[in-house]
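Listed below are the structures to be examined.
Heads up, the next two complexes both have subunit A, just with different partners, subunit B and then subunit C.
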Partner chain A sequence: MKIEGKRAVWNEYQKDIAADKYFYVRSCVRQNFFPGSETTFLRIMREELGKDIYEHPCHTTCTGIGYHGDIVPIDTMMTVVARQFALMTEAGYENLVPSCITSFGIYTEVLDTWHHFPETEAKIREYLKKATGREFQIPKNLAHASDVIYKFRKEIAAKAKFKLINKETGKPLQVVEHIGCHYSKMFPNKGVGGAEYPYVLVGMIEDWGGEIIDYPERRHCCGFGFRQYLVQANRGYSMSCSHKKFESMEPYKPDMIITNCPGCPMFLDKWQYAIAEMEGKTYGANGQGIPVFTYEEVAGMVLGYDPWDIGLQVHQVSCEPLLDKIGIPYNKEKKYDGVNGQKLGVPEMPVNLKCC
Partner chain B sequence: MGKLYDTLMQDVRFEEGLNACINCGTCTAICAAAEFYNYEPRSIVDTVQTKDDEKIIELLKSETIWYCGECMSCKTRCPRGNAPGLIIMALRSLSQDLGYFVESEKGRQQLAVKRTVGQWILDFGYCLYLEGVGTNMHPEQGPVWDWEQKNWKQVFERLGANYKGDGPGILRKIPEEALDEIRKIFDVTGGTKRFEMIEECSKKKAAEMNLNLDEGIGSEYFQHIYSYNNNQHNREK
Partner chain C sequence: MVDFGYKIQADRQINLDITNKALANFVKKHENSFNTCIGCGTCTATCSTAKFTDFNFRRLQLFIRRGETANVKAEIAKCMLCGKCQLACPRGVNTRNVIMMIKKGLEAHV
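For the complex of A and B:
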């Protein structure tokens, strides 16, 4: 792969990412499926980088899954978003950082719509005032949480205890990066690197010692498809999209997958389990899967956080093969402990997918 | 001719999403749904731009408008700056506003989305509710999720959550006054009306299909729309 040409292309798509004083809004999916990732993100921001990042207890969903599931009308979605802006304004912040990629897409869409249709913004301001009495300022800066980690990737590298390098061979780990569709497919100039060559995760991986795999279905959707996963009868769509990606990346023997959208790691993790149980096919070495991570988890790993503090135990595909390759220590006995070492039992083993 | 087209033009997504389509098919080539379903976003855009009300009504009652996964890959690729995904969203909204969605197997599924995601937004402030995503309805979540289900509180506490607690944090309890504001926003902006329309049309359709429909997710009609697939939707390999 001639990487210079690609670097020149993504270089055209840069974005301003605020340096401090963030208003953080949580993700419906990440909270439920990767709670350790949001905890780790805030820990890195506050303890490693010394940033001011604030969370308002009264903020809510942006309604994104409902909006893209087509049960929430556009005016409703935009007014809920306007309420988030109002909470941010009232708290004295101007830089919005959503945890979710669907939300990032929603906020981007709302701001773009208001830019092109000022009368729509005026209507939404009236709706919000009528429903809640609140008013708001438009954010000065909108960056996804992965943009913020990207911005500080070199500072994280400087503090890193581990590199994404195979400790036995000394070679960079081979990494598949998967960007959530709504990060930049709708508004390419709002993502680092645009839609064709998003650099937000590539930059992290390269600065933390790994090497990116360029494979044919790199930009294909993970298969969430909103209603295509939410309704059981449609779930074949979701699984077939992930399957297409696994088949495409398999020949490159990836050591791991990194993602920036909350839903994608869940699908890429759980569909590997489902495919293994349904068809006996596994994509990692020795009957295991390819470990899938959020970018917060990868940042936490290189910073030397305990794997069970950042939540790697809630993945269905075992993370241990990757931890072993890097040489990250972990206590197997404590993997499924609760607080203060409380024993919570262990999950059952799948039939086909080998787990640790 | 053209009244429904005019209605669609009032949706900013439609106005943004449709310039003159040249029928090149790039959207279909990149479309994740077109690979799985017997589906072409190109044809939908072509039909809509005829401005023919009869053809648009046919679309609003069809299966085809429900196949899109809204990944928006089409928006990136269209050489004319169209966004078939946004046009689909406008069509789906109109199909629900006019009650046509219950005329297709895939459209009827809107009740399932409303009674899960929609209800969770109003009750808990987020689109997902941990205890609503069990392996009974989501077997792909696997044994680790089963283990988490048995130990919600302890697992989430271990990972720094404020599960059902006051104040900020992961999976906190959203204050009642905040939920009230969200409900009022739904009332003022048409969200409540959309939900009521989905319920009302679904009840009529359930009666027509001789299937019981009560509240919640347990009754015959809900289970039918959630799990039934006539297996006629997919692209032939």
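For the complex of A and C:
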């Protein structure tokens, strides 16, 4: 498809994204996988963009992992979601911003279910009332955190200290963008650009100086797939999906991968280590991997945040070659210093995957 | 190399535009009920041969439809033509005749 055609498709799928006063709900797993991402998002929203964004200390999981893993029944999931809505209502907010793509999918699914089956909504309201005594309003606006960054991508570009450009050659970095399946594959009209050509990450990369790679398996799942990974015997399915994507993107020599889902960066990052150790195959230059980032980390990088403050040291594939390409300064000695001054410990180096 | 207890699955992707459908078309033409197969696997679940060998009628029909016919001759040689699968099939596929038509199709070099 020609780029003009894609732009036409993107234009068909636009969504309203609230401009301020957000109720933020964190992801269960991201804080372990890439702990700097959500902190960086809040820092950008509050310090760079001056937005009112609130997170409630009592919010819980949306139960998405359990729901999609066939452990949590749908009524339980909807009641937990209703409780999140109640916390938002009590805090005086109307715009819900989940950090997690699966949570975004869960909230979208629940709202759509209630739209088509009002009796289900009434039943869940009753369950919540009986269980917690709480009541709630439906969010006026539901946008994923990547939608919000997409909305303010030009403001971030205006404040950027670095561009996604190779400082040696002056050419744009070649970027693979990977969208979480639950962002728009279930409800295409709820994602910027729909399911086939989501624009949410493309817009960020284009405005921050990079160039998007359009490779054959671009829309393929990363392989997380919940039960595919949760059951050890099934992990081959998960790894095979990532492997298929790497093989497909490899000829285009990507400089980096950007993602908007908790699972995708985890698996695209860590499976590169596992594939290298199992088969000796690496996908980056000089025996290294292709660095994988969350969109908050990329935003933090272009805004000139210290790479170790935004959590780039917890990535399996080393980020240093990319930082060097862009010209972002970093202190090698402080890579494994924790925020409290304690040393995080230096990880053991893999045998086949070269790391810094 | 490290063994993590799982492995990368071989890519099963095929290009439907260039795959060889000659055998599938031959069987469909000469045993019309083959068209109604939904690949439910009831045939395989009831198969006496499958109890003792890796013969799998459901997988066989999938291979033929995908144009992956390299091992089909060896596979159908395992079938005893007892017909239990035909009794169990919820779609009424004449499975015994499907096996015979596969054999004929292979002999006709389709």
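To be clear about the criterion, the second predicted complex is superposed on the first by the 348 of 356 C-alpha atoms of A that agree within 3 Å, B and C clash if a C-alpha of one lies under 4 Å from a C-alpha of the other, contacts with A are read in each partner's own complex, and residues count from 1 in each chain.
What we mean here is this: contacts are C-beta pairs under 8 Å (C-beta built on N, C-alpha and C of every residue); 3 or more make two chains touch, one makes a residue touch a chain.
Every value quoted in this text rests on a predicted model; they were computed, and no experiment measured them.
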Fit or clash - subunit C, subunit B, common subunit A: fit
First (subunit B), second (subunit C), both or neither touched by A:His243: second
Subunit C versus subunit B, contacts on subunit A by residue: B
Partner chain(s) touched by A:Glu279 [first = subunit B, second = subunit C, both, neither]: second
Subunit B versus subunit C as contact partner of A:Gln232, first or second or both or neither: both
Contacts of A:Asn189 with subunit B and subunit C, given as first, second, both or neither: neither
Subunit B versus subunit C - smallest C-alpha distance in the overlay, whole Å: 5
Interface residues of subunit A shared between complexes with subunit B and subunit C: 232-237, 239-240, 244, 274
Of subunit A, residues touching subunit B in the complex: 26, 28-29, 31-32, 35-36, 38-39, 55-61, 63-66, 68-76, 78-80, 83, 105, 113, 116-117, 120, 127-128, 130-132, 181-182, 185-186, 188, 195-196, 219-221, 223-228, 230-237, 239-241, 244, 270-271, 273-274, 308-309, 311, 313-316, 336-339, 342, 344-350
Residues of subunit B defined as touching subunit A within the complex: 11-13, 16, 32-33, 35-37, 66, 68-73, 75-76, 83, 89, 92-93, 96, 106, 109-110, 112-114, 116-118, 121, 125-128, 130, 133, 137, 139-148, 150-151, 154-161, 166-172, 174-175, 177-179, 181-182, 184-191, 194-195, 198, 225-229, 234
Footprint of subunit C on subunit A - complex, ascending: 232-237, 239-240, 243-244, 274-275, 277-280, 351
Touching residues on subunit C, where the partner in the complex is subunit A: 1-9, 11, 13
